[in-house]
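Some structures are shown below for you to check.
Note that chain A is present in both complexes that follow, paired respectively with chain B and with chain C.
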Partner chain A sequence: MDQLLQTLFAILNSAISPQTAALAIAAIGLNIHFGYTGLLNFGQAGFMLIGAYGFAISIIAGLPIIVAIIIALVAALLFALILGIPTLKLRGDYLAIVTLSAAEIVRMIGRSSLLTNFTGGSNGITGNEYRGPFTDLSFFGNGQLDLGPFKYDLTGSNGWWFIATAWVIVGLLCLFVWAIMRSPWGRVLRGIREDEDAVRALGKNVYSYKMQALILGGVIGAIAGIVFILPSSLQPDSMGRSETYFIFTALLLGGAATVFGPVLGAIVFFAIRLFVQGIAGQFIPSSIMNGQQTEQFAWIVIGVMLMLVVIFRPQGILGNKKELSFDVK
Partner chain B sequence: MLAIVAIVLMVSLGSSSAQAATSDPTPAATASATAACATDAATGCLQGTIKLPSGDPAVGIKLAIKGGNLDTTISTGADGKWSQAITVAGPYTITVDTTSIPDGAVLDSAAKNPATVTGALNKNTGFVFKIVGGTTAADGTTTQTPDTDTGTGITFDRFAQQFASGIRLGLLLALAAVGLSLIFGTTGLSNFAHGEQVTLGGLLAYLFANVLGLNLILAAIISVVICAATGYFQDALIWKPLRRRGIGTTQLMIVTIGLSIALQYTYQYFLGASTVRIDQANPVTVDLGPVTLSQQSLISMGIAVIVIALVGWVLVRTRIGRATRAVSDNPALAAASGIDVDRIIRLVWTSATALAGLSGVLLGLVLNGVNWQTGLQLLLLMFAAITLGGLGTAFGALAGAMIIGLVVELTNLVLPGDFKYATALVILILVLLVRPQGIFGRRERIG
Partner chain C sequence: MSSDVPTTTSTITEAGAAAKASVAGVDAVPGVSKPDPILTVDHIKRRFGGMTAVDVNHLEVQRGIITALIGPNGAGKTTFFNLITGFDKPSSAPRLIGGPKAGEAAKTTFNGNDVGNTGATKVAKLGMVRTFQLTKALSKLTVIENMRLGARDQPGENLFVSVIKPLWAKREAEITAKAEELLARFKLLEKRDDMAGSLSGGQKKLLEMARALMSDPVMIMLDEPMAGVNPALTQSLLGHIQALRDEGMTVLFVEHDMHMVRHISDWVVVMAEGKVVAEGPSGTVMDDPAVIDAYLGAHHNTDLGDDSLLTDEVAEELAAEVQNEKLTEGETTA
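Showing the complex of A and B:
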């Protein structure tokens, strides 16, 4: 019973953690790409990494935090342009392969030993080097606040200040996505997803709309990168291909082309993992499955779950089957 | 599919963990060396790795570190790594004890000794001492052996050596990529789990050859047969029913991503993060002019050439091959002209996974070993190869794989090793800009 409660507390804590918020933000960005416009972006983690590096390196160079954030977002914008120009006129799988490759290139360059002075090589950059200016902004004061199972410092790293900012950003982005997707602009995007040629016949410049969507989702990805590294540290390998796959899993789980789908998906994604891990740790004797293996077992469950969701409920938890035509052209 | 892997690996679980402990002490040493110094607000780390000219770690090199409140001597561990925790930021002087360098090697004359490093708290500060081949005379003067293949300059010999390695990588990559391309051609599916099929081949060969102690050739044959079976049953149990349900290719592609995640962690479940070596004997090398390759590499390349030629022959000359190309061209028309499309696709899956498995076995022999992410790292190169050659064309995949293999290895001549995969991907993107259909692709396929 005690252990069940522990698992429950772990799930509750992960549900509000800034890491979950970061995954949700990245999924919101991907939702604009994949859910609304039908672009197969397999490099969302690359956008996160670009944002994270842009932010951390600017702060370390002594720039004010607002400039650092702008630099991060502009970097993501340029990255989207570079990816979009050669591929958006081609069939969908070309974009998939190019974004996947480009994200890997960013990671490999970031972790290369040549740039150790800027990026910290494969060790990355520790949180204390760039966290200062953000912590200084806090008006939460010092001390600790306990709310039931949630016990955190008010301002310290991973504390309430980080949690609150992260979720406020999630809320604002949800509002933003809701607003733009019911605007004429958003309807054009959905039109492109359903039938690109029909939209083109209406005289819309499909290429330009796709590019705008790619940029918008990518910039949101960069915000996710900043939120992701603020409470922890910047490690290039934590934003690799697997991260992109997890973002996809969260998005599809919650429901693509819905406003709250990405957020719900991110929370459920971590909850399922911790739940499986907790249950396996408690009920399966360690001679059959040791602690390390329960973690891997949880990931196997995640992989199988992704397969099952896509096959049996492609619209996810919240989605509307009519809304989502899965086949990207 | 998962069940087969699980059962097969389950058999190896007991014995492999015991073997890992005795045969391969390096991972454990790595762990302890890196765990020795962890940074926090009050601690920083000075660290580095020293390697012998052969590329093996240099063990037991003594380093004197002076500065701050420190005056100590440390030595490199079994993995060639050294690290020292510091509690005061500032300049530190590191002196290599040249007498602790093994015979036949000297410190690179260009390297500073002693070297001054500025250490900082909460940060890892790295410094590299380079050791090159050479001799030390009695009076302490050193003679450095001229660079042959470890230097940074581009000499013809280095070029030839890298070129040969490139051909080797290209051939092994081609084996795996042909299957990926055939699957794409016949079903329109980008199989993200294809890399895991390569890993499976390597791991099964390890299981049969090392853990169960079979003859290497027999082990390789059994592994390839099992890999082929995984393809057959995968199509029978997963992909054919899904095609029947009319599930689109994008959806199926994401299903393969799920499968790939599940398989990767299944491998980790049984193996952990360790790398297993199939053949643990020291490789016998063969000199061919300026090029030195191990015997295993040459045999692997030979096998790859024969198998690739065979695949090409089947595709061009036999009825079944023509049928495959017909399905790849236009499944509906192929079905209308009396070809059993489902049978062809089943055959393609079976042979594609068999080829990937063979590629995994050979890679496991040629490289230093196989771990859970061997295939993951190759998958992007495979995608690059088939996109470069033209999506869905089998011969394009061959050409693309050779180009990618060469680019990856030749990059080493001018850029540090970190970049070797990155250049291959940059070239992919550039080619798409100029000729999106790839080398052998046709224009109408891309729009």
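Showing the complex of A and C:
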């Protein structure tokens, strides 16, 4: 029973953690690409990494936090432009290939020993080096606050200040996505998702709209990168291909082309993983499956679940059955 | 070979008569110049590998009339459509380096604007809106959303404006009112909130046409508007197209249904193997032996499926003709 309660607490804690919020934000960005516009971006983690590096390196260089954030977002904007200009006039598959490899290139450059002075090479940058200015902004004061199962410092790393900021950003972005997607602008995007040529024949500049969507989603991805590294550290390998896959899983699970789908998906994604891990750890004897194996088992379950969702409920948890927005063309 | 089918069965409207009159004195020769052309095409060529799909030297489309573009399958009609609406680029387009000689480069003028090197978006913005042969209804958008998408001058289509609803809500209401009016005209109003994908094939054609009209085009290009539409609906579609002309719009359409072409078109352009082989008023062109040979066939006025028409006499006549053809073929091969 104790074990079960522990699993439940772990799930609740993961549900509110800034890492979950970061995944949700990245999925919100990807939702603009994939859910609403139909752009196959397989490099969302690359946008996160660009944002994370832009932010951390600027802070270490001594720039004020607001400038650091702007640099991170502008870097993501430029990255989106570089990826979009040659590919958005071509069929969707080309964008998929280019984003996939560009994200890997960013990660490889970040890891390379040539730039160790800036990026810290494969070790990355420890949180203490860039976290200071953000912690100083806190008006939560010092000390600790216990709310039921949630016991955190008010301001310390991974504390309430980080949690609150992360989820406020999630909330604001949801509001923003809701506002733009109910507008005629969002309507053009959904039209493009269905049939580019039809929209072009109606006199809309499809290329420009796709570029706007790519940039917007990418910049939101960069915000996710900043939120992701603030409570922990910046490690290039933590934002690789598997992270992109997690973002896609969260998005499809929650429901593409819905406002809250990415958020719900991110929470459910971590909850299921911890749940499977906790249950397996408790009921399966360690002679059959030891602690490390239960973690791997949880990932397998996530993978199988993604398949089941795509086959049996392609619209995700919140998606509109009629719109059935997710279809890979 | 005179036609015994009446050229028009409906009453000719005043505007319709005026449209016919505007091209009355024009010679029926390919590439003839018209008194008031809205679209002029010069030296437009499109090659796919070794095959020349379109090779039109000069063509003018008169403003304010219904022009039909007919021709056998593979004549290059749709490619020609794509070329003038900016969905495809002519092989003979002028280039910075190389390319065709001056005076032989492709040139398209629409309503006083040079649209030879413009993309589809800009052509549509200039007022030339098209529909597609394979209907492109945006199936996962509702019918009304499809319609709204066709409208122009919606400030909310700008990302920065879109966030604040009051900035675009007024225009949206105007657009919606207009869309509902058009939907009512095309008998789609009760489908207003259905997904466009749930409509029947014919209804999708109607929706696509209605959507194209949302932008108040100067010229509308219809690629086989009647394909797959039931006869009753065809009648009302014909009425709609004529009404568009009467409102002052220029219509250019591709169609295989000869009755329809005869019925509503004021001018007919015939393409074969990428070239314009004939043009003129529908009656004149359809009796042109070259057109009959290339496209219509000698019995185009006869319903070959109608048994009552297929009397012994006709059957004998047909048999004799086939025999004759075999003989002539034999002569040429010999």
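General observations
Assume the second predicted complex is superposed on the first by the 323 of 329 C-alpha atoms of A that agree within 3 Å, B and C clash if a C-alpha of one lies under 4 Å from a C-alpha of the other, contacts with A are read in each partner's own complex, and residues count from 1 in each chain.
In this text, a residue touches a chain if its C-beta (ideal position, glycine included) is under 8 Å from a C-beta of that chain, and two chains touch if they have at least 3 such contacts.
Just so you know, these numbers come straight off a predicted model, no measurement behind them.
For the composite obtained by overlaying on chain A, chain B and chain C can both be accommodated side by side without a clash. Of the two partner chains, neither chain B nor chain C is touched by A:Asn117. Once chain A of one complex is fitted onto chain A of the other, the partner contacts of A:Asp195 are limited to chain C, with no touch recorded for chain B.
By the document's definition of touching, neither partner reaches A:Ser287: not chain B, not chain C. Contact with chain B, but none with chain C, is seen for A:Trp299 once the two complexes are overlaid on the shared chain. By the touch criterion defined above, A:Leu252 reaches chain B but does not reach chain C.
When both complexes are overlaid on chain A, the residue A:Asn205 reaches chain C alone and has no touch with chain B.
Comparing chain C and chain B on the residues of chain A they touch gives the larger count to B.
Touch criterion met: A:Ile180 reaches chain C, while chain B stays clear of it.
The least CA distance from chain B to chain C in the superposed model is 10 Å. Under the contact criterion defined above, no residue of chain A touches both chain B in one complex and chain C in the other.
The touching residues of chain C, when paired with chain A in their complex, are 85, 87, 119-122, 124-125, 129-132, 136-141, 145, 148-150, 152, 154, 156-159, 161-165, 168, 172, 195, 208, 211-212, 214-215. Every residue of chain B that touches chain A in the complex is listed here, in rising order: 2, 39, 41, 122-124, 126, 190, 242, 245, 247-251, 253-255, 257-266, 268-269, 272, 376, 380, 383-384, 387, 391, 416, 418-419, 421-422, 425-426, 428-429, 432-433, 436, 445-447.
The touching residues of chain A, counted against chain C in their complex, run 176, 179-180, 182-188, 190-191, 193-195, 197-206, 212, 216, 322-325.
Within the complex formed with chain B, the chain A residues making contact are 40, 86-87, 90-94, 96-98, 100-102, 104-105, 108-109, 111-114, 116, 120-121, 123, 126, 128-129, 241-242, 245, 248-249, 252, 292-293, 296-297, 299-300, 302-308, 310-311, 314, 326-328.
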